[in-house]
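Encoded as structure tokens, here's the structure I'll be asking about.
Order as written gives the chain letters A, B, C and D; numbering starts at 1 within each chain.
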Amino acid sequence: MSVIIDILAGAFLALGTVSVLIGSFGIWRLPDFYTRLHAAGITDTSGLALMLIGMMLLAGWTLVTVKLLFVLLLILLTSPTATHALANAAYTVGLRPLGVPEQDLPEKER
Amino acid sequence: MMIAAATAGLLVAMLIVLLRAIAGPSLYDRALAVNSFGTKIVLLIAAMGFLTGRPEFLDIALLYALVNFIGTIAMLKFFRYRHLGVASTAKGKAESGL
Amino acid sequence: MEMFVDMVLMGLLGITAVAIVFTRHLFTATMLAGAYSLTCAALFVNLDAVDVALTEAAIGAGISTVLLLGTLTLTRRREKAHKGFSWPPFLVVAVTGALLLYGTVDMPAFGDPNSPGMRHVVPEYIAGTRDDIQIPNIVTAILASYRGFDTLGEAVVIFTALIGVLLMVGRRRPDDEEAGTRRPERHP
Amino acid sequence: MRHHLVLRVVSKLLIPFIILYGLYVQFHGDFSPGGGFQAGALVAAAIILYALIFGVDRARRVFSPAVLTVMAAAGVLLFALVGYAALLGGGNYLDYDYLLPSDTAGQHVGIITVEFGVGLTVTAVMALVFFAYAGRTDEIDDEDW
């Protein structure tokens, strides 16, 4: 039984690490701010959740699992909010997505 | 072993994101990178707790998860209103002229 | 592995510090300072200084970013450009750095239990916390009990800092009737 | 209609958590990392988050600066008075052994009280410093921005 849990934990951790790495490479490689937001989303949702679930499996039923669960819930709550506010601020101040044709912009901004 | 590999992966990811925070052409890129850096630090602290066999260090990861948000919100507030004291309302927005 | 993590984190700290020094944009410097204290706290966790890491997380990442931004609202966005390069300050800094590096040669090895610093009062504190005070967190015992006088001094210092800040920027000027509203007109 | 509805809702959810965690750090400081200073910074961070989202003006009405000023002084005073209590009990200044008949209990009471004083001071000082900076209405000129 414990071997199965260990293998599962390893799989979750590996998947999570790969997600975090993909997200980071996306933040580095993608061309503009709005596309980089997507890459950051991978880190903050799937990467974080998979890694923390892997650690929870390693920890078993202890206080550690509860704390990890709280970390997971808090970041799942705050991170999308911060991203939303960031995108909102960027758009309001006037950063436009790369490659949007002029006729697709709202009327007042042409 | 698995935790060690995960830690190494996190360190690489942190380096990449930090480079984006330094290079990032616009302020928003930098803010995004620093926020993402914070998430990775939370994961790193949790992983290091397992690595050293003392998972009670999670208290600090928990605190980061709470506090990182405040820093990001303050930066955004500053971007948008150039001022920290305005309320985030339509009224505050109108008054700040943005 | 811990050693490796330490070294990578130190490298990240170095990169961030150099970037902070070279950027002319104060806003970027503020954000990178936030990242710097995040990394610092991870390093403290790795060095087992958990209380320090907690302080660094709460103060460095949370409060000081916000306070630096608050200061930025009272100043300009860009640092003034420096003119040229002058040798004397560079020489002073280089010599001081070299002397400090030379000084580290005589330091005891990292974590050496037989170093003079570890043998003076530390065993007494550890034994006393176990026998007399009987709380698990030795750092709290040392800060609040063995060095209570120092901590009282720190509280007074924080209070004095508050008085200083309030005297300098705390008073509201006549045109600040309502915080958060824009001053109506700007006369050039 | 209301701007930044998401931010408001999430902050309202988050602020009680931060204050609760601050209290945990404050009163669990004997057993796990933490203490008055860290707890004070956390509670102040909650106040600052409130001020960021709802405006300094409203935050000043909720957390009155007059009360906060008294809190800042009261924390330091509490710390100093514990020292005098030990003096009256027959020991040296800040020697908690003399607070209660039992040495260990005296140490526990002394440490908890003193940390509470530090927490009060730090909370009030951080919040007041933030109010002092963010309450000013200086606008950044466009050419500087």
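Everything below uses one rule, namely that contacts are C-beta pairs under 8 Å (C-beta built on N, C-alpha and C of every residue); 3 or more make two chains touch, one makes a residue touch a chain.
All values reported here derive from a predicted model rather than from experimental measurement.
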item: Identity of the chain that, by mean CA position, is farthest from chain D; value: A
item: Selected pair, greater C-beta contact count between A-D and C-D; value: C-D
item: Computed distance of Cα centres, chain C from chain B, in Å; value: 18
item: Distance from the mean Cα position of chain D to that of chain A, given in whole angstrom; value: 32
item: Separation of chain A from chain C, taking each centre as the mean of its C-alpha atoms, in whole Å; value: 29
item: Junction residues of chain D, two or more chains touched; value: 4, 7, 14, 17, 25, 32-34, 42, 45, 48, 52, 55-57, 130, 133-137, 139-140, 145
item: Shared-contact residues (touching 2 or more other chains) in chain A; value: 74, 78, 81, 85, 88
item: Where chain B touches two or more other chains, by residue; value: 14, 19, 31, 49, 56, 59-60, 62-63, 66-70, 73-74, 82-87, 92
item: Complete list of chain pairs which touch one another; value: A-B, A-D, B-C, B-D, C-D
item: Contact set on chain A toward chain B in their complex; value: 9-10, 13-14, 16-18, 20-21, 23-25, 27-28, 33, 36-37, 40, 43-44, 47-48, 51-52, 54-55, 58-59, 64, 67-68, 70-71, 74-75, 78-79, 81-83, 85-86, 88-90, 92-93, 95
item: List of chain B residues in touch with chain A within their complex; value: 2-3, 5-6, 9-10, 12-14, 16-17, 19-20, 26, 28-29, 31-33, 35-36, 39-40, 42-43, 46-47, 49-50, 55-56, 58-59, 61-62, 65-66, 68-69, 72-73, 76, 79-80, 98
item: Interface residues, chain B side, partner chain C - complex; value: 4, 7-8, 11, 14-15, 18-19, 21-22, 27, 30-31, 34, 37-38, 41, 44-45, 48-49, 51-52, 57, 59-60, 63-64, 67-68, 70-71, 74-75, 78, 82-87, 92, 95-97
item: Sites on chain D touched by chain B in the complex; value: 1-4, 7-8, 11, 14, 17-18, 21, 25, 32-34, 42, 45, 48-49, 51-58, 130, 133-137, 139-140, 145
item: In the complex, chain B residues that touch chain D; value: 56, 59-60, 62-63, 66-67, 69-70, 73-74, 77, 82-90, 92-93
